[in-house]
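Order as written gives the chain letters A, B and C; numbering starts at 1 within each chain.
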Amino acid sequence: MRPRATFAAAPLPPGSARGEATSLTFEPKANILDAGDVTRAIGRIAHEIVERNKGAADVVLVGILTRGASIAARLAAKIEQIEGARPACGSLDIGLYRDDIGLREPSALAPTEVPRVDGKVVVLVDDVLYTGRSTRAALDALTDLGRPRAVQLAVLVDRGHRELPIRADYVGKNVPTRRNEEIAVRLSEIDGVDEVLLGTDDEARLTEEAR
Amino acid sequence: MPETFILRGARLIDPAAARDETLDVRVADGIVTDLGPGLSVNGAEEIDCDGLVLAPGFVDLHTHLREPGREDAETVATGSRAAARGGYTAVCAMANTDPVADSAGIVEQVAALGRAAGLCDVSPVGAITVGLQGEQLAEMGEMWFSAARVNFFSDDGRCVQDAGLMRRAMEYARTFDAIICNHAEERDLSGGSMNEGELSALLGLRGIPAAAEEVIIARDLALAALTGARLHVPHVSTAGSVELIRAAKAKGARVTAEVTPHHLTLTEELVSGYDPVFKVAPPLRGRADVDALRAALADGTIDCVATDHAPHPQEDKEREFDQAPPGMLNLETALGVLLTDLAEPGVLDLMRLVDTLSAAPARIRGLDRHGGPVAQGAPANLTLFDPTAEWDVVPASLASRSRNTPFAGRTLRGKVVHTIYEGRFTVREGSDIDG
Amino acid sequence: MIRHLLSIRDLTPDQVERVLHTAAAFQAEGPRITKKYPTLVGKTVCNLFYESSTRTRTSFELAAKRLSADVVNFSRSGSAVEKGESLKDTAQTIEAMGVDAIVVRHASSGAPHRLAHWVSASVINAGDGMHEHPTQALLDLYTIRQHHRSFEGLRVAIVGDVLHSRVARSNVWGLQMMGAEVTLVAPRTLLPPRVETWGVEVTADLDGVLPKADVVYLLRMQLERMKVGFVPSLREFSRLWGVDEQRAALMKDDALIMHPGPMNRGVEITASAADLPRSVITDQVANGIAVRMALLYLMLGGPQATQEPSDA
């Protein structure tokens, strides 16, 4: 039987990936983290994960697509440096679990690739924690994949304004924001540069993903 | 009730007399008593006809009145009312009713219903074969000698497939100098619901090729030549059919032909939305066919316009395309469509247009009370229309009991103002006057 | 996304890509506790099948249920039609029940188009007469994509009864839209009128086409066709246009054999050819569910609240 070829994915149509490069209407006002800050924050979170979980043997990092997955990959590499062993790592698309299905155009999906989570400590990784709705969707998605022993949450930026009882276990930086402001996270894997910016984006606000 | 009135200042277009002039016409006791410029009043009612065209009342050689049997679609009364609104003073009712008009009893019944409605002459057409089954000749003699005086026979709706039977029908019809009119659609080449071609392939609908019509017309022309019979070709729809008829006429054949308003103006693209309102037999064809038909009507290869008015109840026309019955309403819109789409662009001049609607069909069927000439002593079967009046085709406002008009939503230019049947108004100032 | 999927040409190439991409996301999932996602909870999908088709109906039903939508089955082959309930009546009944999507299969070309005039739900054509079967074309494109990165310049031969095949039409237009080159292989009697205007190559020589094709797509040959003279006999059809192991051996190493099913083994394809590794017929079926899930997600996962019927 001839092996089935893996799905030869053509590039996604432009503008369709969720959390894609900051839109053209974003206007930056302040630089919150520069490249060095980003690296240091990720490094610190990696240490905290290892410390809290007494090693990384039972840890599975699950990055929320799109940028959470890149951060999770960096965390995995950093933990490998610290512990000598690389923890399991995967990526999760929460598009099918969002609570605003039917209110906005369906987002393009990317393949979810998550290693076995039964009995493990899953650390969900996302770039920005805002309303908490993305995290809730990720928890629901996780529940359909297996039964972790525990779930923790690591975010690069916490911008406040929670609408659900969700809190992060590991935070890169706390950035108080106003509701009409936006946080833009840029990572070299996707955007060519590492930085976190605070700004405004009128168009994005109108179609904003609840975080 | 006899009326006396003067039609003042109408533009008389009278093809039978080759006459086009503005004048007055006096009508009394059902006949034209006087015509000319500046007639004196003498106690007659005066009707201002300035700006109106006066023509002989129109004659339709091909109408489906559906009664008996499908009164849910139309009755002789509602169909007559639709005819009157369209300017018609005579219609020929096709035989594909239920029961079929293949005997003296049924044709007399239809004629009587027409008289009872009193809005136009209803001249029944008799079937060629019993029950339209295409197997046994119907009693043409009985129907000719009945009170209905039927001299025109057609199985329309169905094609007489058997060539041998068609030959006998033609020979037998000669006994009464009757006309045979055959719906040309070779059954074994048909089975489709639209014109066969590029569009039918795209839409996934079985098509009816032009050849299905042409092979029958060619056959019938050959049989008419063989038998010396009078043949009338209904609803010609293809350029190829036009060629056949033109060639036969050039050889002096006793053949006449008709074309419908929809085949003169509509093409198959309208079927793209699968709306059965645009389903008709023969089907709407292509641009080249429409152009050939127009040229043929203008040069006389096709003698006249006949509506093939075919009412169907709404439920029947809201079905799947291939399941819906074919047919379109036409009586009330024929004049407007021809004026707007043929006269205005100069395809047909007004004299010829009036001819195709009145004098030519009357002559074919021998209806001498209709079609003109409008002269002293002639029966007052007339219509007056305003060639500039604009009106919208609203299905719900039609007199027909059915709504299946392919011209729904169009604005037409040209409207009947008065129709006068045997000296009485059936339509006056655009309003219905009962018979 | 589009409101109705009546024809494959209702989609742009970008939209086709989105469907294929989304279907891949559904299929790439590793082990899960449940096959279900909560995405379309509260939505209702109605299967309105006037022609019986276990395969397609089940595929749609599973797709809807895996997205947690409710499914209602209206099977109309038989009783209600005989009682005279018209398509419009059925449409209005379903409309009154308030469903979000109607998946319709019907023997009359254009029936889904008419249906769309009478309902505010989204209408998905699951096969209408000889006209189209757009979801089949989508899953066929998806299946091809599993083996070829791009459709551009791909040579696809569609063999058999093209005239009567809605699958063929949707595939011709879908493949052309995505840049593939299509050749139709059939005798003249089994080709639609004016097919030369479709921008396809046309030939009756299957053996000449096999060495060059990247995909050989076989159409079902119905036994009734022989009775009315489309082909003299099924035996002749098989000899000239059927694919057996010998013919399959003429194909390129990486060329695929496809078939929309159900197969007439021994007519358009032999059992042994159908079982060859290059035959991806069973993959087509499996892919159908993911593709239909993708379609339902993209069509129903967006704002729908204010839709009115297209016609008064």
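In the analysis below, contacts are C-beta pairs under 8 Å (C-beta built on N, C-alpha and C of every residue); 3 or more make two chains touch, one makes a residue touch a chain.
All of these numbers come straight from a predicted model, not from anything done at the bench.
Innermost chain of the displayed assembly, by C-alpha centre distance to the whole-protein C-alpha centre, is C.
Farthest from chain A, judged by the mean position of CA atoms in each chain, is B. As a whole-number value, the distance joining the C-alpha centres of chain B and chain C reads 46 Å.
Separation between the centroids of chain A and chain B, computed from CA atoms only, is 75 Å.
Per-chain CA centroids place chain A at a distance of 38 Å from chain C. Note for the complex: chain B touches chain C at residues 196-198, 200-207, 209, 273-275, 315, 318-323. Within the complex formed with chain C, the residues of chain A that make contact are 1-2, 4-5, 7-10, 12-13, 16, 93, 96-97, 101-106, 108-116, 140, 143-147.
Interface residues of chain C facing chain B in the complex, by the touch rule stated above, are 86-88, 106, 108-111, 113-114, 128-132, 166, 169, 192-195, 197. Listed in rising order, the residues of chain C touching chain A in the complex are 1, 14, 17-18, 20-22, 24-34, 36-40, 67, 145-150, 277-278, 283, 297-298, 300-305.
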